[in-house]
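What follows is a structure written as structure tokens; I'll ask about it next.
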Amino acid sequence: MAIYALYGVGVLLALAPIAVVLAASPRASNVIYGACLVVALVLCMVGVISLLGRTSSSVTLPLGLPWLGAHFRIDALAAFFMIVVNLGGAAASLFAIGYGQHEQVPERVLPFYPAYLAGMTLVALSDDAFSFLVSWEFMSLSSWALVVAHHRERENLRAGYIYLMMASFGTLALLLGFGLLAGANGNYAFDAIRASHPSAALAGLVLILALIGAGSKAGIVPLHAWLPLAHPAAPSHVSALMSGVMTKVAVYGFIRIGFDLLGTPEWWWSILVLAAGGITAVMGVLYALMQHDLKRLLAYHTVENIGIIYIGLGLGLAFKAHGMAVAAALALTAGLLHVFNHSIFKSLLFFGAGAVLNSTGERDMEHLGGLIHRMPRTAFVFLVGCVAISALPPLNGFVSEWLTFQAILLSPQLPSWGLKFLVPAVGALLALSAALAAACFVKAFGVSFLGRPRTPAAATAHETDGNSLAAMFFLAALCLVAGVLPGIFIDALAPVTDALVGMSMPHQTGLDWLTIVPIAESRSSYNGLLVFIFVTVSGSIAALAIHRLASDKLRRGPAWDCGYPDPSPVTQYTASSFAQPIRRVYGTTVFRAREIGEMPASGATAPARLTVELHDLIWDYGYAPIAAFVGGAADRLNVLQFLTIRRYLTLVFAALVLLLLVVAIWQ
Amino acid sequence: MVRGSLSFDVAHLLAGSLVLVSFMQLYQDRLYALLNIYALHALVLAASVAWQAFVQDAPHLYLTAIIALVFKAIVIPTALHRIIVRLGIHREIETVVGVGPAMLLGMGLVALSMVVMLRVTAEADPLAREDLAFALSVVLLGLLMMVTRRNAVSQVVGFMSLENGLVLAATGAKGMPLVVEISVAFSVLIAFIVIGIFLFRIRERFDTVDVQALDRFRGERR
Amino acid sequence: MRDFLFQGLQMLLVLLLSPLLTGLVRKVKARLLRRQGPPLLQPYRDLLRLIRKDVVLAENASWLFRTIPYIVFAGTWVAASLVPTFASGLLFSWSADLIALVALLGSARFFLALAGLDVGTSFGGIGSSREVMIASLAEPAMLMIVFTLALVAGSTQLSAIAAHMVSGEVGLRVSLGLALLGLIMVAIAENGRIPIDNPATHLELTMVHEAMVLEYSGRHLALIDLSSELKLLLYISVIGCLFMPWGIAPPQGGAPEIAIGVGSYVAKLALGGFLLAVFETSIAKMRVFRVPAFLGAALMLGLLGTLLLFVSGSL
Amino acid sequence: MIDALTGVLIIPAVAAGLFAILPGYRLTARLNVFATLLTFLTAVSLFVVEPRSGSYLLVDDLNKVFIVLTTFVGFTTSVFSASYIGHEIEIGRLTPTSVRFYHAMYQALMFAMNLALVANNIGLMWVAIEMATLTTVLMVGIYRTHEALEAAWKYFILGSVGIALALFGTILVYMAARPIIGEGLEAMVWTVLVQHAAKFDPALLNVAFIFLLLGYGTKVGLAPLHAWLPDAHAEGPTPISAVLSGLLLNVALYALLRFKILLALNPAAIAPGPLMVILGLISCLFAAFMLYRRRDIKRMFAYSSIEHMGIIVFAFGMGGALANFAGLLHMTMHSLTKSAIFFAVGHIAQVKGTQKIADMGGLTVTNPVLGWGLVLGVVAIAGLPPLGIFMSEFLVVSSTFAREPWLAVILALGILVALGGLFLHLNTIAFGPPQGPTAKAEASYVPMFAHLALVFTAGIYMPQALVRGFENVARLLG
């Protein structure tokens, strides 16, 4: 199978130069995106086949490090992530066939798009440290090019710059980690690394490096700073890929190192991972609540969901460390399922945001509103996405979070005390983030799609094109299917967990009524299908009964609004006013949020103002000082550019004397 | 040849006096005088090279001695004289560190080179050893001079006395092939020409040879 | 067959009893305030009147606005029908455990909050923004309480937990006490009772739930009211079946057990309603921004209970 | 008799003499290309038939790599310089006479560098490098502006001091060798020295290495001896900047490596590794920080050269099969990439009429080919895959981290800081709204893209033959 996958990647890579040539022609985007769609579907198939067929195949090409060659391999894990990547890729390509028509600078997007897809697939495929890092950084590089595609806006350039710096930082961390694993004589092949059982301390160091390296790409707080800048800057279908898919590739990197290469974990690793996950989840959603830029809000939610995934992974590590294979399988499955689910609904939501951006030219929710009338279909699918990401039954987001909760409920059996105290707290954080996510998406959907249009742009919006809608509806359907029939997907994950923790969750499909039962029915069970049926049935019964037996008449009238209806749409609740209570509750501590209201003196004509100021403490105390340090050092050293020749000679002279002294003493 | 023998003493005397002359250079702060001292420096060098040639009965070293004599002791100083006259800069040289500190530094350097060399070349023959030590100190003193003078001409002088130190070392190294001396001479020649060209260019551009005038135009300060 | 019957019976029962419960609460409150108060059956009359009236819809209202009442009602009803009221071992109780139940109520609230924003009025906005703020604390608190119970009973299945509670091997536990306290606080908040919110008021910026549904009328309003009544009943019966599990009929109990079950259930509801009324009359409504402290306390109680169970199973 | 070895010397020598007398720059420019091509082919033939190396000239795996690289870059640069010089004459920055001088000097430089590489006699090698220095000094000063003169003057003074130190070191090596090998020529022949290195007086070798390190290190451009390098790059004609960065630094490095081998063979002598590692790290970090405040595009890339030289010296200092291999690879890749970048920069500066970064912007919009070429070059020089430098940096850092974690971390930070500096300026130059004149460049893009193509290929695939060669050299370097 691996060789077919490589063929696919080859085609994608070949598309890049073709795109450079074609870029000028108007039909270029159709051709390129169409081709990408086909290839992505093929690759997705390859993934499915090798995942369900439980086949693992490998290829070695005479590329990369000369004495090593480039190793590529599809095992269960790689296959699963190939599916995730290419499913998202296919949807994005389909969406882009329509969306790409409106691109002003196709020549800056088309060549890099297939390269980007290829890079992500290669990461999942590569089986030695060198090709892994090459693909990893290639992925970052091509996405950087896409982020700076619209380079005339300064902030896009800035976003790209920060992104590239963080990406390279992460790559260097991973590079160091692999350096440790490979040893001084460089056994970079993953098989060799697996074979060499590193000492506990060394493995721990590698795990920390992996957490930093992969985390900086996945958006683990506090390494997330680039993410909400870069994801919105790119064209929407690329944002969808970056948020929905690339962060998952980062998760893949972490799983590959933490669960596969390092062998049996130490229990304290899970403490790091769990803490990181919990903090990331809550911080991510709190940041998101403070945003009123639709795409940035979505980007911050990616941070939150990554946190949830890492909680699953951390529990998996903990259970694995203590040899509780069943529980480990459950936790890992929860994490992986959330990987899949999030890739779907996050892509869906970004497509929706893209459609809105296309028809209104607005990303700022404060300028939107009432879109549900102008673009009903988009509104519908976006609503589905919102429900799914808010972890509400019967859609898919709920299933994976439910599984995570079940895993948490198993953890009292963990012997180590650190975990006994940490896990409940993490559980609370998880619950908190779930509730806040719901709040945040009420805001996101309510403010931008409901209510009355706040600007002419919103008032004159139009429904988006067929291809984009097709992509969105496809994903929405997936959300529902994965929500009501989770058993299928859980069973599909069995090979992965078998490979990584040597155990898998009990076989789900075939239970009566397609229920899912993590451990035993007496413990817990959930049936999305029945819940879905019940809700729809009882809802329609009520509707039917009332319409039949009582009145079904309906009059339109002005809004009541306690008798003070205000015609002007500015009196509606805005995004920031909607978030105000939550900002008061959480923001005062987390963001040092302050509200400054200025009331003009009585009789003065000046308008009353209420300004809110938020501080991103992580930026202020984490990143700004580093930037300041580099700048300061540069300034201080820069003096050396302006010395007189004599002073330069003095430097040489000093160096000489110093070294002579060294020798004189050394003898 | 052993310590205490005449030949050794003479070599030692000459090499040592070369160091002494370097000190005089360091002390000197008028351009004319500096050039004269430099001529003396070259003269002593020539003498010591000649003596080496005699001691090692290596005739080709005489050639080196002559080169040193002609070029360094006569041609270059006179040429530099001319330049100075043309540029009209026979005023005082503003030194960076005072003469006293410069002297102290020089002492330190000599001590250092002694330590390094004498301990190093334990089993090399004593004459070469002494010579190397002196040569190194001459080199370091030349460098020190370049570092402590602002004026371009005096920097050049410092550079050339540094080269003298090299020649001393080369001749001290017994049986060293001719190629080196030639290269030294030729490099000094080139050096002199280039420097000459430069001084002229600089003369055209700015009316001083003060390196600081050049620094005003350093890159990035435009 | 029997199970189907039970399930259906239960669904009808909760549907029928919920307005009565509300009526009871209102009545008791009125009496405590030395007022005559509306008759017990008033809520039924209100509902009937409302469904017969035709709907007046704001010009700006979207299709979503019209669907939401049904969604909310369905969600709440399904949730309510999963709680063992008079008999444990319901047919479909395993299709959604406590966590799912919380989430179902969550989705109902999600849509209701959207409804508040749909027409684009300032009052609706106030309502939903406050609602989600309250929920953002109430839901985690509820989940923590669920954790506590689940850890005690070794299951998240409501009926399993109930059965576990009935079989007296539980005994008195600190964590359960904490859980009960937290659950009551959450219930008060979730149902918008005093001191969090005042269901009786219809002006002032103090209202939360009522502000959200301000634009609803006719059958839509009826459904909304009915579902909030259902919600109240649901919480009381959850508390009942978890902390007062006595009298609940075992899965295959005969007619007498069932009779006892129904009787005891009604009694529990009455008691709950009475206590609620007493509580509400004896306390004043608090400012909106003191609510977080209240719910934060509930969250802490839940977390504490869970921690105790993590640290030692026996507390 | 004339074999390939003498060929690589004779061709440039003859050409230099010829160009000195030939008038008319168009013809000479063509001839220049032709001569360098010829030299390159001769150099390549070294791989086919390896001439016997005598007591003056020598060819082994080590210098074969360097010779071919030098002649190749020399060739491509001459192609670039043809179009560059043409433009310079049009705008009157250069007079035909000075161009004649330029071409003669160009060949003289080629001759000097080749001589330095093939010299088997450490004295001869020194002479060659001295000569290379002087020729470049003259070429740097060729524009005769204040800045050019000052740069050349600075270069000359610092360069000659460095050279003098190197000579002293050479003499000391002779002194060390004489007691063992005996007086006379033999004691300066590299091949002979290597055989007897083990028996030399270690203490003397130590002092010698100090002087050689500082002397040749000045030419390599290691901080704090680097001062001449940025200005020389910035003020000279761009082809010379390309040759300086791409070749001359390598040649000096080559000399350093020769003596490192010598010392490595003597167990009692001071380990050259640590000194080189320290100097390398200092240069890398220092240059990385210096990148941020640059306003002149050529000076910026000059500092980036210092940084990479630091990395290379670091790698050789670490030693070991992997690190040495990485060092060689990095050196090759850096020569190709950096010269390619300077080709691009040359044309950019001609289009924009300035070297100030602030005055050029949105290049990918106005001159897409040039702009994207520069972007690709910077991506390569910043060590991002899939280009060659990533592979070498991967090897250096990862192999070091297993042995000396902290050094690897510092190096990695240096690389990161440098990347930040480069892209900070790239954003201004290549992206954003266009600035400055937007004329189309009449340029030959072939050399630039030829280099980048090579770098790209090396990044993903390296032919076995090349690998073998590098591995042999790596073994030679110990």
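A, B, C and D label the chains in the order they appear, each numbered from 1.
By definition in this document, contacts are C-beta pairs under 8 Å (C-beta built on N, C-alpha and C of every residue); 3 or more make two chains touch, one makes a residue touch a chain.
For clarity, every value in this text was computed on a predicted model and none was experimentally measured.
Minimum number of contact steps separating subunit B from subunit D: 1. Most remote from subunit C, judged by the distance between CA-atom centroids, is B. Pairs A-D and A-C differ in how many C-beta pairs touch across them, and the larger number is found at A-C.
For this pair, subunit C with subunit D, the centres built from the Cα atoms lie 78 Å apart.
Averaging Cα coordinates per chain places subunit B and subunit C 100 Å apart. Chain centres here are Cα averages; for subunit A and subunit D they lie 44 Å apart. We define each chain's centre as the mean of its Cα atoms; on that basis subunit A and subunit C are separated by 35 Å.
Under the contact definition stated at the top, the residues of subunit A that touch 2 or more other chains are 641, 645, 649, 652, 656, 660, 663, 667. Counting partner chains per residue, subunit B shows two or more touched chains at residues 116, 119-120, 143, 146, 155, 214-215, 218-220. Of all possible chain pairs, the ones that touch are A-B, A-C, A-D, B-D. Chain contact summary for the complex, subunit C toward subunit A: residues 51-60, 62-64, 70-71, 73-75, 77-78, 81, 92, 94-97, 99-100, 103-104, 106-107, 109-110, 113-114, 116-126, 128-130, 132-133, 135-140, 143-144, 147, 150-151, 154-157, 160, 202-203, 214-215, 217-219, 222-223, 288-289, 292, 299, 302-303, 306-307, 309-311, 313. Looking at the complex, you find that subunit B touches subunit A at residues 96, 109, 112-113, 115-116, 119-120, 140, 143-144, 146-147, 149-150, 155, 211-212, 214-215, 218-221.
Subunit A contributes residues 62-67, 129-130, 133-134, 137-138, 141, 148, 151-152, 154, 157, 160-161, 164-165, 168-169, 172, 175-176, 178-180, 182-186, 188, 630-631, 633-635, 637-638, 640-641, 643, 645, 648-649, 651-652, 654-656, 659-660, 662-663, 666-667 to its touches with subunit D in the complex. Interface residues of subunit D, counted against subunit B in their complex, comprise 121, 123-124, 126-127, 130, 134, 137-138, 141, 144, 146-147, 149-154, 156-157, 160-161, 163-164, 167-168, 170-172, 174-175, 178-179, 182-185, 187-188, 201, 203-204, 206-207, 230-231, 234-235, 294-296, 299. Contact residues of subunit A toward subunit B in the complex are 641-642, 644-646, 649-650, 652-653, 656-657, 660-661, 663-664, 667.
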